[in-house]
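Here it is, the structure, as structure tokens.
The letters A, B and C name the chains in turn, as written, and every chain counts its residues from 1.
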Amino acid sequence: MCVANKRQLTHACAVVWLGALFGLVVSNTANAQANERTVSIGGAVTEILYALGYDSRIAAIDTTSLYPSEALKTKPNVGYMRALSVEGVLSVNPSLIVASEGAGPPAALTALQESGIRMVTVPDDKSPAGVQRKILIVGELVGQRDAARKLADDVDARFVSLAAQRARIEKPKSILFVLSASGGKTLVGGRGTSADAIIALAGATNAAASIEGFKPMSDEAIVGAAPDVVLMMRRENASAGDILATAAFAATPAGKAHALLQMDGNYLLGFGPRAPDAARDLMAALYPELKLPSPPRTDGVDLGHKQ
Amino acid sequence: MGAFIEARALYYTVGHQNIVENATISLPAGRLIIVVGPNGAGKSTLLRLLSGELRPTSGSIVCAGEKLQGTPTWRLARRRAVMAQATQLAFPFTVNEVVRIGLETLGANTRGSEADAIVAQCLRRADILQLACRKYHTLSGGEQQRTHFARVLCQLAAGRRSESAQALYLDEPVASLDLRHQLMLLDAAREIAKSGIAVMAILHDLNLAVAYADELVVMHAGRIVASGNPADVLAGGIVADVFGVDLRLCATPPGNTPFVLPHGHARRVAWRLPTPPVENRFQPLPIQEGATTQRSEPRATLPGIENTSMSFSFWP
Amino acid sequence: MSGAAIEADVLQHVSGMRRRAFLIILLLALLSILLFFIAIVIGAVPIAPARVLAILLKASGFQGVESRASDANVILNIRLPRVALGFEVGAALAVSGALMQGLFRNPLADPGLIGVSSGAGLAAAAAIVLGGKLAPNVASGFALLPVGAFLGGLIATLLIYAISTRDGRTSMATMLLAGVGVGAFCGALTGLLAYWSNDQQLRDLTFWSLGSLNGANWSKTMMIAPIVLPLAVLTSFLGRSLNALALGEAEAYHLGVRVQLVKSLTIGLVALAVGLSVASAGVISFIGIVAPHAIRLLVGPDNRLLLPLAALLGGALLIGADLLARTLVAPAELPLGVITSAIGAPFFLWLLLTRSRGLL
């Protein structure tokens, strides 16, 4: 008796499970039946397209397209930019693929090109000139040259005013960008990274300039680097403040002054049209004495305990 | 009938020790040769040298007219089958599948029902037909040993198609078997020998060895110290020296088959009747004319196995 | 029971087992074909089954309904080679697993024991991290990863084989330990390369090690073909030899098996098969253990049945897993290794629970 019921239960579970799986498969293949035309790969590229007012004709975006937030909510997502699915991209029926530099895998890109879709790679140069170039190239591609020109000029103007403010800084502070500090291993942003570039734009120095790329830094090296401020990306769990309590950081000027800055990662490191604003917000948080004119953005800086 | 295998001056040395020293032995076709000796005397090593598994350090082995070392492995497998002391099995095969491995690995052209018939016959002969569908690892040690006996029989049956000279090597084949199956297996070995195959077996039980052997070989410390007719070998008294045990040689009628009784050992065991005497529940078997109380005629057939008649045709 | 009755009973049981094995072969073959077709019909790009059929018929020479060029492109150049590659890789991994288990006489043996996966992983890491500096030509850069992974796997296997073979005899116990050692060494070097890598390369390495059939094309699919013929031809011979090996190396020798030849042949075939699989699809785990195990639970451990059936089941499993990988989160894609582990493990547990027949 018991056995028969168990068997029936097992069979029922199997049927339900298989049915759900099948439903998921079918519904996803149906959803991918959009009718738009451009696939945007890369957070900066998507931001630029939205800023140019082109968003209605974006067919799909990737997981790094975090701004504006409606992008991820309303557009189909083809996955991580370096692990694109060939058929997935083809399923949104694109006529143009605008890919940020670093999209992949190479085999998938080749297959997409061989399928006859126009694909252009936008170089990712982390500098003011690079941001402008990005905007102009994207604008050219989607036939919005004039709007792109306007946007690029606007971005340029903001960078120029930022440079002017940088000149007013008497004593640059040293910042340590911490990518993650899990499991006792502290990954910092060395030279050549996007963190390094934005720190320089904000008129500070990179405490991890001796390291190249995002690499682990030993506790002793952290103490030796003696950063004035620790900069991190904002996380859901608010336990980031604990990092200053660790032995290594407590011995630094940043630890002693409880100087921890958290900013939205995509905003800070994306190097899209909002790049000058991110640099400006960082500068304002670092040097309050400069009394920078325009108010900080709401999705900008989140100060630590006290500054 | 010629000799199946002839070995001369075999040496097998490991490090500085001679495991087998100056062994000269020949296995004639149609005879059952039993090797006895203390532990570590080199019996198993000698068997492995003769089966081709080990390479002798020096000496020559000629098998069915060819040098043993030059014989390809596949042809050797058709000529001789070896039942080892202990065999592991890594996967849950059934008894039937294990026995079939003996048949099929040779790549002999036995198909379908013919192969089934051979397998069934070998299973019957080893008295495990009723266990054929059981998983090997659920069997007892003795039943597993009988499974391997059936397997080597299948191997011999398969090789018989292409080879006229064959041999069977048995390394302590009755170690885990109960009395009935010990006798059954040795009866089968005797019949296999009668059908023209050279059989060499290693046994520990001296009395069984003496009862079944056509030729008895005694090994000690790597050397063959005696070989020949069992009665002669025992009468020479060498066995007591080799085993280091006091032995008393007795003889039972009819036929004066010799058997040995460990001598001094018996005195160390105290036999006492329980008091009050326990009611004897066992009825003695009716004693037949001319026989003694012990069934000491090893060549008699056992009741209950209907296929062990003297005119049994073993090979299909 | 009388002897004749027992014998009749046994024969009946044996023929019953044979019939059952035949049915299972038939079922598996049908399942594979069905799954193959389903995998071609379903995908991220919605194409009606009738149209799929029309495209396939047109491609094989029959004139039929005109279909959109892009649909034909998707079916013939993207989906069909991917499904074919999936079947080949699954079959190769499953057979390699069965061969390894027969050789090591252990049902838990994995194709990675002979170092192919760790060597291939190291070579792939080197290609990803150092490839840009050593092979700046973009075109050759695409081939660098698969070719490098394949060669890396072969070299690691050769090294392990050389370590464990002495006087013309390979010791499986030594091979196991050598595999551990070489695997650890490759892991250390891979870790070093991961340290040197930049952010992008690190992500590439991670995704590669999770396995994927993305980007499959006909040249990749044809690349695996060289292993199919030798495996098919040698199935009977290897099956019989591995059955005998299950009794131990000495017994196998007595039964006429040339043990060293079988070892070398098996190791060579496994290195080739797994090397090619890893080169085209990255590291995919679980198929090499689940498929042979499942077949053993269904038809028993006879290797002559196990090898071809494991191939069928492995191919079908991987096609199914890939189908899920590319449709569950369409238009994105899950890594294949995640699906094989997530589905393989519960499936295997279910098999064990419902059909526990005393696995050793």
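We take it that a residue touches a chain if its C-beta (ideal position, glycine included) is under 8 Å from a C-beta of that chain, and two chains touch if they have at least 3 such contacts.
Fair warning: this is a prediction, and the values are worked out from it, not measured in the lab.
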Report task. Could you tell me which shape the graph of touching chains takes: line, ring, star, complete or other? Result -> line
Query raised in the report: Of all chains present, which has the mean Cα position farthest from that of subunit C?
Result: B
Report summary line: Between the Cα centroids of subunit A and subunit C the separation in whole angstrom comes to 38
Query raised in the report: Just how far, in Å, is the C-alpha centre of subunit B from the one of subunit A?
Result: 80
Query raised in the report: How big is the gap, in whole Å, between where the Cα atoms of subunit B centre and where those of subunit C centre?
Result: 46
**Report entry** subunit B: positions in contact with at least two other chains
**Finding:** none
Query raised in the report: Taking each residue of subunit A in turn, which ones touch at least two of the other chains?
Result: none
Report summary line: Interface with subunit C, subunit A side, in the complex: residues 10, 21, 24-25, 28-33, 60, 63, 76-80, 82-92, 102, 104-108, 110-111, 114-116, 193, 213-215
Query - subunit B - residues contacting subunit C, complex - result: 51-53, 73-74, 76-78, 80-82, 84, 87-94, 96-98, 101-102, 104-107, 116, 120, 123-124, 129-130, 132-133, 135, 137-138, 155, 306-307
Report task. Over in the complex, which subunit C residues touch subunit A? Could you list them? Result -> 42-46, 70, 73-74, 77-79, 138, 141-142, 195, 198-200, 203-204, 207, 212, 214-217, 323-324, 326-333, 335, 354
Query raised in the report: Which of the residues in subunit C end up touching subunit B in this complex?
Result: 1, 3, 6-7, 10-11, 13-14, 105-107, 240-241, 243-244, 246-248, 250-258, 296, 300-302, 357-360
